[in-house]
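All chains are identified by letter, namely A, B and C, in their written order; residue positions are counted from 1 within each chain.
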Amino acid sequence: MLLSVRDLRSAFFLDEGELWAVDGISFDVDAGETVGLVGESGCGKTIVALSILDLIPYPGRVVSGRVSFEGRDLLDLSPEEMRQVRGAGIGIVFQEAAAALNPVYRIGDQIADVIRLHRGLDRRDAKREAVEVLGAMGIPEPEKRARSYPFELSGGMKQRAMIAIAMAGRPKLLIADEPTTALDLTVQAEIADLLRHIQGEYGMAMLIISHDLELVAEMADRLMVMYAGRLVETARTKELVAAPKHPYTQGLLRAIPVLGAGSDTPLQGIPGAVPDLLELPSGCTFHPRCQLADDECRLEPPSLVDVAYRHRCACYKVSAQT
Amino acid sequence: MRRDDTEPRHSRLGSLGLRALVPGLGHLALGRTGRGIRLMLFSAAAIFLMVWRWDRFADAFSAPFLDRWLASVFLILVLVGAVWYSRLDVGRIQRARGEEKRPGKSPWAVAMRRFRQNRLAVYSIYVIILFYALAILAPILAPYDPAAIPDVMANRYLPPSWAHPFGTDEFGRDLFSRALYGARVSLSIGLLAMIIAKTIGTLYGSVAAYFGGVVDNVLMRIVDVWIAFPTFYLMLMLVGVFEANIVVLVLILGLTAWPGTARFIRGEILSLKNQAFTESARAIGLPAHRIIVRHLIPSALSPVLVTAALAVAGMIGAEAGLSYLGLGIRPPTPSWGNMVAAGKDNLLNAWWVAFFPGGLLTLTLISFSLLADGLRDALDPKALMQKYV
Amino acid sequence: MVRTMTSDPTAADRSRPGDVLLSVRGLKTYFRLGQGWAGKRDVVRAVDGVDFDLQRGEVLGLVGESGSGKTTLGRSVARLVEPTAGDIRFDGGDFRQLSGKELRRARRQLQIVFQDPYASLSPRMQIGQIVAEPLRLHRLVPPSQTKERVLELLGRVGIEPYFIYRYPHEMSGGQRQRIAIARALALEPELIVADEPVSALDVSVQAQILKIFLDLKRTDGIAMLFVSHDLGVVERIADRISVMYRGLFVEQAPTDRLIRSPLHPYTQALLAAVPGGSSTAGVGGEPHRQVRGEPPRATEELRGCPFESRCPLAEQVCREVTPALEPKGPGHDVACHRVG
């Protein structure tokens, strides 16, 4: 087991109150495996990634739980040790590549910096290595591109450069937070291909975080669905897409306008809106939007239980059936 | 929302009629103790002043002096306002407890709540309100005539005492009374000049930004030229030409300061102009002047408020500076600036002459800065739009 | 042109088939980059010569990637951006010649719903005021009935009456988009330009909003120019789809036809790129080709086919001659030299 997250709880302490963005989440990522974390805006999925790397901005912090990576508890590490883990152990790719790259440094230098930091190469070797990594990320004319500044690159190129930086430290786990969301459709497909390709090439594990269930379903071996700070369903991708158990997952799948379904297929949304994390409903946080909800659901939040082989679901109505 | 304390306390605190008449009583009944006590204190203070200085208070309505009249009317307004606000606010609080169907919280209300959490800013606003109230009430409060020169030899340079809390100056005039009257000059010049500068600047800047193109270019070049004059020398020049009185000073300070606001507002409106709500207003066919007045300026106003607080401080400082140099308000009319100037030569023998007006000036300027800080934090538009996660 | 309409009598009434509501010819919208008094400035050719007609009650989907000019086209049609050249005829009149009061009056008929619901509502107005503003402005109902009408409009988009005293910052994205729609509906428009109206919303909410648009189409017979990058969304609502690339239409066809048998290599690539695309998009025929690279910047004058640099089929002629939209099937126009 490469990464193991146990009962992780992270909150923001605001003037308006405590905002529990991650409220008791446990999951594992095995070496070489791709796991998808899916949820809508404000469900806390990004905070999961930031919690793992201890990067939550003020006024938020990890409150409790354990995150162990290669057997080491990340939450106990000193800032110096944590820096080593970021990059060399765990790489991260953010949605806004444009904002994550430093606008005043050349792409090649930014990558070389990471390589020098984590692999201890000297300046010249690091630069050569940087060009190589850029090439491996499918960037044409990597020598020329290494000398470019971020503004000279297109959106897709910037995202490739971002991935190159994340990969420069040869991480064992790559966390990709909405890696394709800001990109055009054709470019999205290319980046998804690239991620699949490098995962095979480097044999690392991947945690893909996205609101786009369709996209993640194409890449991940296992899926985890998150709602209002908690995991509501986890299963192998095929099974989750084919036989979702949780009413939220079912609704989400029905709401996606699948291309080619024809205009006659009725589109069904989920009534209501994603709850404000500051004013969470009691019990199962999905109950105000759920058609199956009854009194039981309003009292205590359900926990994830096995409903089928490697298929876990947090719903009283589902566990009652099986 | 606090829902712990609702109905039962009603009966204990006066009948319905009494609660409608006595400001603050309704708040106490609803458990809003702080606000209730404050409202009661304000009204009690107003009544006390009326009774204590009844002759001066009543006199104001028979004698044709604007300043006295203002002071008396202000006292009445405080009382009427307290009663009226109290009823309104109690109604609002009761309605707000109506759970789900509560009325909305405007962005201003949200900002107010954030502002109230900033202790320093709240204190500074109390200081400012107190000073303005003292200034307006000077004719009622002042123990002596600020210009009257009694027996000079007997009263000259008396140190602070119960009879003269701030001491007396070289002509034996009571400095406490002079400081009260001086506050009227200094504080009103600052406020009025700020209002003139911000009004002209806001309208000018938003017109330039909204119409853009040639209009913008011409208007902003005029601003560039205006700003290019060194303001202080311009003020010195104008003060030399016109005789300095309050009106002239207000106009000079206001008219030299608006281009900065115009530039600032232009920037704000330029960014708001490209937001969809402006386009949506155009799409429904709203004419330009209504888009500017109803949609753009209200949204651009919060940063203006912050700069307005700073501007008042700047204007008060500028007036003090001019008066100190002998170019502003001339003695015997007191202003904090010329009072400090009068005391500057005698700091060692009679420190109190310069110390009290200077101290009041400093306290005022600091309060306005703190107020501006508090406003900036409270009005941060990002705080409204952004969400964590 | 054959088009199936709904059986609803009022909708059929308003949308007499063959009755052109909007007619756009040779529309170009260029932007100058940068500021300055003189000197040469770069020009972005956001819309570079587009022709199309929209029937009453018809929904035309406008699909393309960022920078393709689809949003600018929508805004140009609504004259929120001033077009550089071309004709826009709306409801029989020359829409481009209108100005001042006339334009403001004509705008009643043509409303726009924006992408970002967080920016499209005036932040310091209450919901009731936002929806009432167009009613008051055009004096559509007597003042005494304004509130009643506002509640009716909000009811149509599924907003509870007590929300009228709330402010936009207290509402979710989906609720705000509903309010934006209610505000547009207040003017009883003939045409709504919907500029990515569901793109900023969560998937579970997206469907709710899309349903409202479908309802406007079916029961009110409102014509729409529905701009979106999401083919799956457009497929649900559009009668026809136009694919835009670098300021030009490259393909235009009835919805089913375009999705099942696209002819232009770019359209094929777009469909192939949709997640899950391999299983769905290729339904009609051979697997579509993927393309590499990104669209060219539209700062230079176009020479040859705009898609030439990324096209797997490009030939010499594609580098020299810009292909025009030509009919290649019933209602199916394609701008490509290589489509036989």
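The working rule: contacts are C-beta pairs under 8 Å (C-beta built on N, C-alpha and C of every residue); 3 or more make two chains touch, one makes a residue touch a chain.
Predicted model, so just to flag it, every value in this text is computed and none were measured.
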{"item": "Most distant chain from chain A by Cα centroid", "value": "B"}
{"item": "Chain pair, B-C or A-C, that carries the greater number of C-beta contacts", "value": "A-C"}
{"item": "Computed distance of Cα centres, chain B from chain A, in Å", "value": "51"}
{"item": "Distance between chain centroids, defined by C-alpha means - chain B, chain C (Å)", "value": "50"}
{"item": "Whole-Å gap between the CA centroids of chain A and chain C", "value": "32"}
{"item": "Touch list for chain A against partner chain C, complex", "value": "40-41, 154-157, 184-190, 192, 211-215, 217-218, 251-252, 254-263, 265, 267-271, 273-274, 276"}
{"item": "In the complex, chain C residues that touch chain B", "value": "75, 78, 80, 103-105, 107-108, 110-112, 114-116, 118-127, 133-134, 137-138, 162, 165-167, 169-170, 180, 183-184, 186-187"}
{"item": "Residues on chain C engaged by chain A in the complex (per definition of touch)", "value": "65-66, 172-175, 202-211, 229-233, 235-237, 255-256, 259-260, 269-277, 280-281, 283, 290-292, 294-295"}
{"item": "Chain B - residues contacting chain C, complex", "value": "100-101, 103-108, 110, 275-277, 279-287, 294-295, 298-299, 381, 384-385"}
